[in-house]
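Both of the next two complexes hold chain A, though its partner changes from chain B to chain C.
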Partner chain A sequence: MAKVHEITVWARGVIMDKEGRDVINIFAKAAQMDGKHAQAFDNYEDLPDRVLVTVRKYVRLSDEEIEHKYVYTNDQPEVVVIAEATIVKGIDVLLGMKKGGTLIINTNRSIDSMLKFIPNADLLSTIATVDADGITGVRTVDFSGSEGGVDESGIGKGIAAPIVGAIAKVTGMIKKEHLAKIVSDVSGMERGYKEVKIKKLG
Partner chain B sequence: MAKEQMMTGCRAAAEGAKAAEVEVICSYPIRPYTAIMMELAKMVANGELNAEFVHGEGEHAQVSVVLGASASGARAFTGSSGVGVTYAMEVYSPMAGGRYPAQMSIADRTLDPPGDFGSEHTDAMSTRDQGWLLGWACSPQEVYDNTLINYRVGEDHRVMLPQMVCQDGYFISHIPDKVTLGDKSQVKEFLPPYRPIGPLSLTHPVSHGPQIRPDQGAPMDAARAKTFLAVPKVIEEATADFNRIFGRKYDPFVEQYKLADADIAFFIQGAHSNTCRTAVDSLRKKGVKAGMARLRWVRPWPTHQLANALGHVKAVGVVETSTSYGGAMRGGNLIHELRASLYDLDQRPLVTSFMAGLGGETIWPADFDHMAKVLTQAVQEKKVRNYVQWTGM
Partner chain C sequence: MAKELPGYGTINVPKDREVPFGAVTPAPVCTQNLFQTSNWRIVRPVKDDEKCTRCLICYLSCPDACWIYKEEEDMMEWVAGFCKGCQICINECPTGALTAAPELDFPDGVVRLEKPF
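Coming up: the complex of A and B.
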């Protein structure tokens, strides 16, 4: 069985539900454009219809067909993306990660100040921050997209654009030129790619 | 040819309803099927689908509304999940007895208590004796396909019955998978317009659903039972046409996977058959002659097709994803009917069952390996130790 790479995105219910889902859908689509096999789905148990609850979104990537589709959670994420920085305060966002993982946070705070909230940062080989809120200015609030519904407002219009740009730069798992064909806000994506701050850890 | 897209089972169901050009839709929200209605509402709002979209005040109302719509000659569509399915129970028999071929799209969900979003087949399985066509898809693609196939079969004048098109909640309803939608000419060739028999009409008044005398009851029940005898042939024709027009390879009733030379077989329906197939492959690599029979229709139950498909196997393990508390085999529902289907064979397989995937739990490849061990042991001992085993606990 081929190796399946797990990427987990944390966001907040309702106000950022679409944004979190945009990140995984864009990620999976970009990977598919590279010939990879990808799955993208919401955590079903996270109650996305409740405002501000933490919601998880997952991507799974593989070079071969993903045989075992029916898993509720990414148990061993290699990359964790935090779409709303305060989530790190109350939750072990790196749970299940093996040593050598990557954490990307949407924040305008410094990497070192964020590290204070990551007690198990020794699992990380890379941490990065991107000020997605600063770049796009708004979060898209779109109720219609919950539960797998179609997104009227376009994919990658809000903070998802700079976040996926940052992911491309930091992980190399997806290509910027593919992202440009998917996201609505191409310049926001480009800025995320360019402005992301990266720190390599021991 | 339309190209392949990634979509959830909910979206696929909505795309199927859109392709079938349904005329009346009645919604009421409950996870996980809700997204079907969200998609359809958007299609109607955007002018992509010309349908009357009615908000029911509950599931009982939903099914009542589509009953009325179907009776007046409209192709009608509704759906539900879990306790929503059971809340509408009263209307199922009138719908089938009145011979209204509306469709209900089910993304299944565990019944309460306590509240659980996870998939389980008990909700729709508990309606199986109400006279509807009933079956589970195992992929978003099959959800789309079954939506069209069910309308075609249900609206056939030899049938005229409502249909429950089921998919596993979350596993199929919420995880996107590859789907190729049909184009308009394919759908048009496959699915003729709905032709109601004696519809409600202002210009030609008729009565539907009158009260009858007790002595009229049994003949009506017999007529309904007899109708079901005619359904398999219609399913075979519709499946053959569908395969030809859309380029698919469905067996009408039972998907047979590596069964021809199998010693042991899993009998299963719905999403977990995908994991089961990979489990069969890995068991074969280890030298275990395993196979899988996947049920596509619970109603009508394919008695003879199952006897043909599984009669030669030494032991069958029924993977149950529904409960039948206090039932003959102490576990789920499918084993009762499978054992009955095999009973008349001179040499019949040993049959046991495994309770798995309840409450929305994933059935893991290791669970199938365990089931295979139990089945192999039964073959060696020439008997099953138990009618039922609970796996994954």
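Coming up: the complex of A and C.
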């Protein structure tokens, strides 16, 4: 079996649940447009209907068919995306990561100030920040797309757009051209791609 | 106290865990250390002691009993480990003594967990 890449997105229940879910759905769709195999799912184990509680969203990516489909959590994430920066203070978001991983945070704070909250940052080879709230200022609250429902409000209208733009630039796992066909807010996505700040570590 | 509950047999509730009818208790008798909720916070309430009149409205309105009145010092004390940053106390405080400050402005005060809860 080809290597399966694990990407985990952290968001907060209710106020950012939809945006976090958008990130994984957009990511998986863009990867599929590249002919890759991708899975995206959320809500397992966590409490997305409680305001502010941290929730995880998962993507798996591979060049071949992904076989371990009955495992719902990512045990060894290579890329971790934080939709709300305070989460790094309250959760070991790098848990399970092997040395050389990537962390992308939605914040307008400096990379060095964020690193102070991450005691195991030696696992990272890349850390990046994107001010997604500054770029769009929109957080869509909508449950229509959860639990396999159809997302009525469209995807990538709020902070998810700049975040996926930043992911494309930092990881190279998905292409900006594909993202532009998926997200509602194309200019927000482009700005995330352009404005993301990247720092290489150790 | 051991009580006979029809269909359930005898149940034994330790004296300090007994609650009266309606479950109204004067104050929480213990904290649940296995369910720290400090990492729900994006902002925390910060208190200005000059403005605070010790009216206890924050104590009454916090859903998680995170404000305690310290009688000896005549001070309100905030419980960092369980405050979820819901800002109800900030909205209810009649004197404007409480304001919201970003949690990331402080180096500590949040219990770091491995999983969401």
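Keep this in mind: the second predicted complex is superposed on the first by the 201 of 202 C-alpha atoms of A that agree within 3 Å, B and C clash if a C-alpha of one lies under 4 Å from a C-alpha of the other, contacts with A are read in each partner's own complex, and residues count from 1 in each chain.
Keep this in mind: contacts are C-beta pairs under 8 Å (C-beta built on N, C-alpha and C of every residue); 3 or more make two chains touch, one makes a residue touch a chain.
Everything numeric in this text was worked out from a predicted model, so none of it was measured.
Look at A:Lys116: by the touch rule set out above, it reaches chain C but stays clear of chain B.
When the shared chain is aligned, no partner comes close enough to touch A:Phe27: not chain B, not chain C. By the touch criterion stated above, A:Ile91 is placed in contact with chain C alone, chain B being left untouched.
After overlaying the two complexes on the shared chain, residue contacts for A:Ala40 are found with chain B alone; chain C is out of touch.
With both structures placed on the common chain, the touch criterion links A:Tyr193 to neither chain B nor chain C.
Chain A uses residues 45 to touch chain B in one structure and chain C in the other.
Within the complex formed with chain A, the residues of chain B that make contact are 6, 8, 10-11, 31-32, 34-35, 38-39, 42, 117-118, 170-171, 173-177, 271-272, 274-275, 278, 360, 362-365. On chain C, the positions that touch chain A within their shared complex are 38-42, 84-86, 102-104, 107, 110-117. Chain A meets chain C in the complex at residues 12, 45-47, 51-56, 84-87, 89-92, 95, 107, 109, 113, 116-117. Those residues of chain A lying in contact with chain B across their complex are 28-29, 32, 39-42, 44-45, 67-72, 144, 146-150, 152.
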